[in-house]
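Order of writing sets the chain letters: A, B, C and D. Residues in each chain are counted from 1.
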Amino acid sequence: MSFDVDALRSQFPILDRTVHGKPLHYLDNSATAQIPNAVLDAVERHEIAHRANVLRGIHYLAEAATEAYENARLDVARFINAADASEVVFTSGTTSAINLVAHSFGQGLKPGDEIVISMLEHHSNIVPWQLLRQRSGIVLKVIPATTDGRLDLDKLDDVITDKCKLVAVTHVSNVTGADTEIYRIVEAAKAVGAKVLIDGAQRVPHGPIDVQALGVDFYAFSGHKMYAPNGIGILWAHRELLDALPPFMGGGEMIRTVTLEDTIFAEPPHKFEAGTPPIAQAVGLGAATRWLTEVDTPEATLHVAKLAEQTLSGLADIADGRIRIIGPQGTQSRLPVISFTVDGIHPHDVCQILDSHGVALRGGHHCAQPLMDFFDVTGTTRASLTFYNNQADVDALLNGLDAAIKKLT
Amino acid sequence: MSFDVDALRSQFPILDRTVHGKPLHYLDNSATAQIPNAVLDAVERHEIAHRANVLRGIHYLAEAATEAYENARLDVARFINAADASEVVFTSGTTSAINLVAHSFGQGLKPGDEIVISMLEHHSNIVPWQLLRQRSGIVLKVIPATTDGRLDLDKLDDVITDKCKLVAVTHVSNVTGADTEIYRIVEAAKAVGAKVLIDGAQRVPHGPIDVQALGVDFYAFSGHKMYAPNGIGILWAHRELLDALPPFMGGGEMIRTVTLEDTIFAEPPHKFEAGTPPIAQAVGLGAATRWLTEVDTPEATLHVAKLAEQTLSGLADIADGRIRIIGPQGTQSRLPVISFTVDGIHPHDVCQILDSHGVALRGGHHCAQPLMDFFDVTGTTRASLTFYNNQADVDALLNGLDAAIKKLT
Amino acid sequence: MYQDEIVTLAKSKTGAQRLENPDATVTLDNPLCGDRVTLDVNVADGKIMAVGHRVRGCMLCEASASLVARDAIGTDTDSIAPARDKLEALLKKGAEVSGDDPWSTVTTFGPVAEFKSRHECVLLPFEALGKAVEQAEDKD
Amino acid sequence: MYQDEIVTLAKSKTGAQRLENPDATVTLDNPLCGDRVTLDVNVADGKIMAVGHRVRGCMLCEASASLVARDAIGTDTDSIAPARDKLEALLKKGAEVSGDDPWSTVTTFGPVAEFKSRHECVLLPFEALGKAVEQAEDKD
């Protein structure tokens, strides 16, 4: 079976639009991916047929909305191979999922306990731990990066000590595209009895995962990067862990009984879902997991890998090596998130000129300033690809870069 | 100008549907209101024309998405008459807005400091303060209720002492519909130097407000109850207050600079909006504020008030007073949120039978268990009305109740 | 859903008074709707001798408590857990209930199957009886 | 947006070296893109005598710094704040810039108006010069 990129593209109306009179070449997928009709329609159908509040209603729409919401949880559980749907907590995104852990798991930590992150983390997996450090005196330690933009796993034993309670690292770097060897993190963490949290924001857009096989304790990701609506994300954790953890936010839907003196909380996952949840967005995320599972064939993966390879080699060929790849140089153990600098041109100028060619890139620190400091750059330009990208996108990128370099230097 | 309820209804496709073979009579608006085409379309147009991540992008879509997001903030600022759009913080709902304050404002409180809530609060305005009490030893005090389901304002001076730092009460009760005289709360709070937080979740669905005229410090509400999407809400606060408060969650978009040692936060409102925000939902909320501002004419208000009056008097006439209104008996200083009990019939049985007549009601504790305890009931049945409800809805309610009583007693 | 049989059962209030000397008493809550069942039981020789209950709950819960009180007398104590499971299977999976079983009367609640939010209302008295029987036998 | 005039200005690197004995030095950041401008100034008798800068930033910021260094020499120190405001009005509101003003050269950046995220890049050198001038005069 071959992969028909045009058929896929036709599911995304936005890919037909022009910007500045040029066809859109959307290569900013790591920031937010586009949304297919299947997902848009699922959300709209929900809103015009089953919109209601969930969990406590008796009437038809409330029952239907509750069923849709809980079915979406089942979809997500299937997508990540969770042992049970009650391990799937709906949040408003990766950031709020990690903050949930920082508050809830963090509440059990003592001054001097260590949390290990890495040099490659997105601010969303740095700042919550800094705030926890302020609240409770934990120590934050950092796995260094290698010069090709991976976690330096040889340093694990230096960084992860007996005092470590949690190792929180990214599955795939949003700057370098490097794919973390999670089993080595898990091994090192388990050796000292620490839990492992994986920031999967950049991994899940590329297909289903298996949290059980990964052997981790927490896994976080966002809907909007995996073709689902904004305002929805997932925290997955083992049920026993969720049972043991205190709630994060308080409100409706997360309680068993409330008196003015005291409150008894509901069981997971609802214990962690205070207030009216993002219902239609959950329905959209459920639809997105099904859509993506179907799209993610070996042929589709090959299609993306080829585009990534062309991009990497095309960048190497431009303007006698004036382009420096920030991250792995090759295609091994990396996803199609490609960062680079252009000698003598600021990333924002690169992005702006490429924009005038219809090419949407991201330039700047990518919410990963510590990694920028490590590479001693103020920012990079990033092209991030996914299934619906095509040859024309890569050509437009490379031609646009050529033009930018000619124009600005 | 007269009010054309049919024209309004035609903007809500869901109101045309049937349930159990009967036309839908949606009287569960306080739980979640339905969404008009104008809002659905605004969201969809955004997703297929301008979907991108916000705030840091250079490319066309990112600029357009950022503009749409910040314009939505302006819409909301206008809707609540905020002095400046930077006072409007997007959250995922009322619950998360109140939790934000409980963490951020709460961080500055000492053991023994007092927070005053009321007997009428929704769990979302109770549990966050109980969790704060656990974290930091504040004292939680409660303004009692009157027998007609209002805040007992005569007790304010007993409850609000010099130790009080915050008074957090509901604008309109989601059980009794009672409209709080906020100026008296503000007066009492200001007299002891306490701040005032208002839970406006049940107020804003009925039209624009003026936070400056109210004289409060924090105002929280949800999108889904005011004809906007799920997963979006607002915390409004004075700019100086937001400047002074520490952030709640950490992540992308809320920082100025991050190093592994330290982080400098962005200015409000972004300081409080960690991670990718609910962008399309904000766009939807912006559209909803404009839609609602237009709908909210004196004629429309009169239309709803008449329906509420008919409902109240109809309930009084049914089955020789077997129905007890939980809340104000009359229409003065109340909104069309009408709770009642039926002697000898459990609210869930009432709701279930009414559902078979196509009438969507809510039955139970309405996330207000302390108030249920006060009225010594396990729950109530609630009919909540809004602009698009009509005579047929009220008739179906009253006829259905008649039938339920005949059937079950 | 409120078929005559269910309404009649609820109104019959069968067993709706507490026992004087129960071997065991169990109270269970359904936090979703505030239902609360308090149920007393007397057992002897592996058989249920008497059941009494007080229900603060909806009509479905009352009907279920009445049915439990009506049909439990004389049945084996170890038939209760399977009866509950049979009821659950009927509600959640639309499972067939075979006719010659003493607890085949749970079919009365077949119409509740399509109303998921009400399943717990019907199950609660069965769960209370199951727990009460267990406690009573532990005491022996 | 990258019109020849802007590109040429940036490449000219006018004033792109630090002064030896500045009366004042100011460093400003634009956290959005990591731009950083360090700007030295010498003033005398209410006039700007010399400007030197180092820019770590984008081409727009460099072009703006070059223009500032080129056009500031000999102008009144109190013309800088209005020049900044004029540039801002041009960018944010598309305001007209009158031709006989010494700072009418800010029209060079007219094409940036439609790119909101880049306004700050252009404004930063003007803000740095404004602050530097203030500091230099405070010292007197």
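Operating definition for what follows: a residue touches a chain if its C-beta (ideal position, glycine included) is under 8 Å from a C-beta of that chain, and two chains touch if they have at least 3 such contacts.
Source: prediction; values computed, not measured.
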Is the C-beta contact count larger for A-D or for A-C? A-D
Whole-Å distance, C-alpha centre of chain A to that of chain B, is 31
Averaging C-alpha coordinates per chain, one finds the centres of chain A and chain D separated by a number of Å equal to 39
When the centre of a chain is set as the mean of its C-alpha atoms, what distance in Å lies between chain B and chain D? 48
Residues of chain D that touch two or more other chains sit at 32, 115, 118
Contacts with 2+ other chains: residues of chain A: 56-58, 62, 255, 257, 348, 352, 363-364
Run through the chains and report each pair that touches. A-B, A-C, A-D, B-C, B-D
Within the complex, chain A is touched by chain C residues 29, 31-32, 115-118
Within their complex, chain B touches chain A through residues 13-14, 17, 19-20, 24, 26, 28, 31-32, 34-35, 40, 44, 47-49, 51-53, 56-62, 92-96, 98-99, 102, 119, 122-124, 126-131, 140, 142, 222, 224, 229-232, 247, 249-255, 257-260, 262-263, 274-281, 348, 351-352, 354-355, 359-364, 367, 369-370, 373
Provide the residue numbers of chain B that touch chain D in the complex, in ascending order. 56-58, 62-63, 66-67, 256-257, 266
Chain C residues within the chain B interface of the complex: 1-2, 7, 32-36, 56-61, 115, 118, 121
So, in the complex, the side of chain A touching chain D is made of residues 345-349, 352-353, 356, 363-365, 372, 378-379, 407-408
